[in-house]
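The structures come next, written out as structure tokens.
One chain, chain A, appears in both complexes that follow, with chain B as partner in the first and chain C in the second.
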Partner chain A sequence: MSVNNKQPHVPQTTGHVWDGDLQEYNNPLPNWWLIAFYMTVVFAIVYWFMYPAWPIGRTHTKGLMMITYTNNQGVTKTVHWNTRALLMEETNEAVAAQKPYYDKIASTPFENIAKDPELNSFVLSAGKALFSDNCAPCHQQGGAGKMGLAPNLTDDDWLWGGHYKEIQQTITNGRHGYMPPFGSVLSDTQMTQLADYILSFEKIPVDPASAQAGNALFHSETAACYYCHGADAKGRVAHGSANLTDGIWLWANVPGGKTVADKESAIKKVITGGLNKGVMPNWGERLSAEQIKLLTVYEHDLGGGQ
Partner chain B sequence: MFKHEWIETNIGLLAVLTMLAISIGGLVEIAPLFFLKDTVEKVDGVRPYTPLELRGRDIYQREGCYLCHSQMIRPFRDEALRYGHYSLAAESQYDHPFQWGSKRTGPDLARVGQKYSNEWMTQHLVSPRSVVPQSVMPNFPWLLTTPLDYSDIEERMRALRQTGVPYSLNQTEYNANVKKFGADTAKLLDISHARQNLIAQAEQGNYDGDRSNISEMDALVAYLQVLGTMVDFRKYDDDAFVKYR
Partner chain C sequence: MEDNTLDSIPLYEKRIPIVPRTVHGKFRNFKTGVLVLAYSVFFLLPWLRWHRENGIPQAVVFDVMGRRFYIFDLIIYPQNVFWLALLLFIAATFLFFATTLIGRAFCGYFCFQTLWTDTFMFVEKWVQGERPARLKLIKQPWNAEKILKLGATHFIWLLISFWTALTFVLYFGYAPDLVHRFFIGQANSTAYFTVLALTLSTYAAAGFMREQICAYICPYGRFQSVMYEPATLAIAYDYHRGEGKEGRVPMKGDLKSLETRHAQGHGDCIDCGICVQVCPAGIDIRDGLQYRCISCGLCIDGCNEVMSSVGFPRGLIRYDSEYNIESGSPKPPHLSWKRLKVLGYLVVLIGMSTLLVVSVLHQTDMVDSVQQIRQPLFVEMSNGEIRNRYEVRLTNESDADAVYQISTPDLPAGALDLGVMQTVRVHSGESILVDVGVSLEPDQIAKHHKFNFVIKSLTNPKDDVEVIPSNFSSELSAS
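Coming up: the complex of A and B.
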């Protein structure tokens, strides 16, 4: 064997010769590779006939493959293969598969949807996906909300109402929270009195005399807090005004205040500057009515729905 | 008879033929798009950016948002479910350069406009993890504190006008815009009123929740809030754009 290895190897050349003795080696590709390559060429030619391929002037070859779909007007069309028609076809299939559930959701009263085990599991799985994509950025995964940005959806406190119809309304049309600023209307002492009055609902040790004065101010025409927050300070759903008595806070970071003074100043900050936020976008344009109804049930059942 | 040797021994010919060979791909795939009549869909509502949105777009590019965010929803069902209607070529006809992209470390932003409130946008840009705990997006706190430089807004619009964006410089162009986009939009595309339009939109929109100045945040949020909102797809059948393929 060692003898064979030492025999001179005569390489194949292309026959090109430069400068008299410079030759070009020819190393042919393996047959399996060549065959695979020619097969890709054949595949490409078949593909050109089957699918949109070559530009011709201001149009292009459309290919032999066809797609049949039905649009939302109920018109069935057959067009040459393209990704947009393919999407129509795939979407129609998925919509048809989900249709029995969505039809049932549309025709079932809110209260009965969660009681139907099959419908409930559909609401839970589809609702989770819809909630994660659309609601969770503000209301957070699980719906616990975010101090200073978006309310908790799992508790019993509702700014715009926790009944099915109200939640549906909120999702469809969106919301915009507003409270006028009182910085130029009330003195610092008056605002402290109001803060103390509100904090007294939570049994936070404030100066009773100050809270008493705040109570009077709350119901006076000077501050007129009662007009939006109600005579019992429990808020009014029609205004989206907060219940100030339940120890649940969104805009004034009272729970974050370590001392009573901190808590007072958190409330005073809101009274001074007012609010022009709490904007919830409207989803009526982005989601279908059935999707919104489904989300309403999902959201209602996160806890606290009324 | 043709001999391979001719090419290999003639460097000039080799260069010309090499160039011809490698340009075929581009000629076949790109050039026809400029001539195909069904490339850009006919659709109502798409307009060039207002001066404020335009500056927002500049900041979007400066901060490299496009490195992680695409702006093109592909015609797939999963994309339609998450992001909405697939993007149309017509929707980026005034984008120079377009922001389509294919790198998605973050979500596609082609239809992020009006999906979240201005407050959320601002808070999310300043501190993304305060609202989306699992986010890997960097913080952009300086946008809120840096005053927007709009001293060269007219030049920026003039430059885009050179590329074919219909910002108007004279009465004829203005009238053409009135006809094409309506009077309200045409006013916003008028280069001579760019500065006052920018200030007016920023003050009225108050995008960053801070009325004391016009910050870069105002511009960026104004831009983000208009993305993908120009076409009202409810006006069209769900297969209206199939014929453009």
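Coming up: the complex of A and C.
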């Protein structure tokens, strides 16, 4: 020990000399650094024994740590520590954290959910996640819908009704839209007349005489369109038949048609072949009643509802 | 020639314990003053009560779970995180500014490593006695006295470390309740872990590692050299005066008066070694400025004491600039602030501090944002109108519930659709999402593609009315 407290300062070298004068300093590691390094080594060895670590053939060492979790069926299990069980545990915690909100949603009438800022805020966040997981594959992100696949949920046109109860019914039991094919019943001219009649609602310049004939045909027993679409052509919610008088289209790509003829042929294609593809699966078996209720409020919010 | 081959070099460098001597003087007093002040604030602040409508009634508390920090009457939310960034910028710039002017003032007087090491050294001195007694104790074989004295020292160190750690934790909860729960075993496991980790690290850092933290771990200690300039006031040994032509020499024989020393070419330094003995970093300041020097000023006090006692002028070691000392005929040291670097730091410092103060003073109790929903960007309604939707986030940072109203005065009546929520009640400290729709007829869009949301608080009239510009999108604007 130096009486003067002064630390030694003699630069040491590794003893190698290159080109006569080029040397390499050999500054030894401080003690604390070395101890810290050995501690990390010890930590690693302890870790091998505690957690899954070494692969052995097709399996691996399981470690001494155990983890207890509850699986989907509500069975509590204790197994060797693994990240899957950890995820399950953490998912359960998250579900438990959401439970007060879901309980409140289950016990609150639809209208009051939307009026409660906090509950509605939860609906917007949780609904977005549920919607993205379950609904967005067809209805697209944000419910924008896709021509020829799934209706736009953000507009005010509701095929099967936009009241809370109707939306809840739609999600729980699913829907199946059907329109019979008229290709063998109607002539090409008749179908053009029907298309012109429908397009005339949108102020699209079509031949008035043809539209007039279409009007007659629409309400005749030959085509009997009015039977499903209603005498005013505004559709029937009970049938899921489309409102033909607004500018919103799902199966006939009228907005995509550049000329009147394009638009006509888009409608004629639907009349010819009919529809048997407006299928929405039922979610009553896959989602809980509270989740469906939450999604109902979320979708009602999206389109402004009815 | 020393044997420098690998075989002779130990695997690690052995630390020579530093046993500093007690010193008196203005720097020691200043350091003690800073220590008392800093400890008073740190240890007592968590116990200061503060009246609040909602929230923890503690003057300074960082409620991590509740996601808000209370600092007296200021409540900081996660969205104010840029204040923290600004504060860190300011702290860093202030450090650079101070270092350029007066060297590592932070290290020597204010750094917690320095403060706690100092405290631990006080304990050492109090239990084991002055430096000679401590050196004797280290050398003497293990006996009852040594065990008792070292044991008592370490016991007190551990107590201080523990109380330091516990006090730190008290900043994150309601102190009386937390202390109570801590000792009956009911506190959060994070609290126990933090206290354990901080107790051990304080004990190790201030008891054992001490100056090694500054030399090996602290990055600031190492990059400070780029901030020094020749004009920087640093703790310096006046080597022209101290060494003379023939070097320093002890006071012996006829070398006892300045006249005879100067006549024989010797300097004023009597090589008593006090400056080295008082140094907590274990360096010799007479070797010049070095990275281990934490600029604590104790060697100045030590040297001045000796100079006074032998009747030589004080100030052989002093705050002075390299520039002045090297000139050979030094003028009185002065703070040279008229430098581009100093002024540059100062301008940045004032600018950022003003920004922070203005931002804190202009904090309103309501924080809102409006985001246009982009999926879908717009939708055509059955009556031909185009609708856009917006997600409005309302955050109430006041300590009472508030009712907000959203409006769009620029738009035609009826364009804004608030649904069933005409006004929105937000609880204190909560954040709420509201979806609103705006519907315009196609011929109105061109006029209104830019408009403002106006959000005002109906309950707190002192809150500013917030005007948030927004866009209306349609097929026209998309193409």
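Here is the rule we use: the second predicted complex is superposed on the first by the 210 of 306 C-alpha atoms of A that agree within 3 Å, B and C clash if a C-alpha of one lies under 4 Å from a C-alpha of the other, contacts with A are read in each partner's own complex, and residues count from 1 in each chain.
We take it that a residue touches a chain if its C-beta (ideal position, glycine included) is under 8 Å from a C-beta of that chain, and two chains touch if they have at least 3 such contacts.
Here the structure is a predicted model, which is why all the values come from computation and not from measurement.
A.B. asks: Just to be sure I read the superposition right, which of the two partners does A:G247 touch: chain B = first, chain C = second, or both, or neither?
C.D. replies: Once the two structures are laid over each other on A, A:G247 reaches chain C alone.
A.B. asks: Should A:P117 be classified as contacting the first partner (chain B), the second (chain C), both, or neither?
C.D. replies: second
A.B. asks: Figure out whether A:P28 sits in contact with chain B (first) or chain C (second), or with both, or with neither.
C.D. replies: The answer is second: A:P28 touches chain C but not chain B.
A.B. asks: With both complexes overlaid on chain A, does A:V79 touch chain B (first), chain C (second), both or neither?
C.D. replies: first
A.B. asks: Which partner does A:M280 reach: the first (chain B), the second (chain C), both, or neither?
C.D. replies: first
A.B. asks: Which partner chains sit in contact with A:D155 here, chain B, chain C, both or neither? Use first/second/both/neither.
C.D. replies: second
A.B. asks: After superposition on the shared chain, which partner residues are touched by A:S125: those of chain B (first), chain C (second), both, or neither?
C.D. replies: second
A.B. asks: On the A-aligned overlay, A:G15 touches which partner chain: chain B = first, chain C = second, or both, or neither?
C.D. replies: The second partner, chain C, only.
A.B. asks: Looking at chain A, which of its residues have contacts with both chain B and chain C?
C.D. replies: Chain A residues touching both partners: 140-141.
A.B. asks: Tell me, which parts of chain B touch chain A in their complex?
C.D. replies: Residues of chain B touching chain A: 4-5, 8, 28, 32, 35-38, 74-77, 80-82, 84, 86, 114-120, 123-124, 130-133, 209, 234, 237-239, 241-245.
A.B. asks: Which residues of chain C touch chain A in the complex?
C.D. replies: By the definition above, chain C touches chain A via 2, 4-6, 9-20, 135, 138-139, 208-209, 212, 216, 273, 276-277, 279, 282-284, 292, 373-376, 379-384, 387, 389, 391, 417, 419-421, 424-427, 430-435, 437.
A.B. asks: Quick one: in the complex, what on chain A touches chain C?
C.D. replies: 1-8, 10, 12-15, 26-34, 111, 114-115, 117-118, 120-121, 124-125, 140-144, 152, 154-157, 243, 246-248, 301-302, 304
A.B. asks: In the complex, go through chain A and note every residue touching chain B.
C.D. replies: Touching chain B from chain A are residues 16, 52, 54-55, 57-60, 69, 71-73, 77, 79, 82-88, 90-91, 94, 129, 133-134, 137-138, 140-141, 146, 149-150, 277-281, 285-286.
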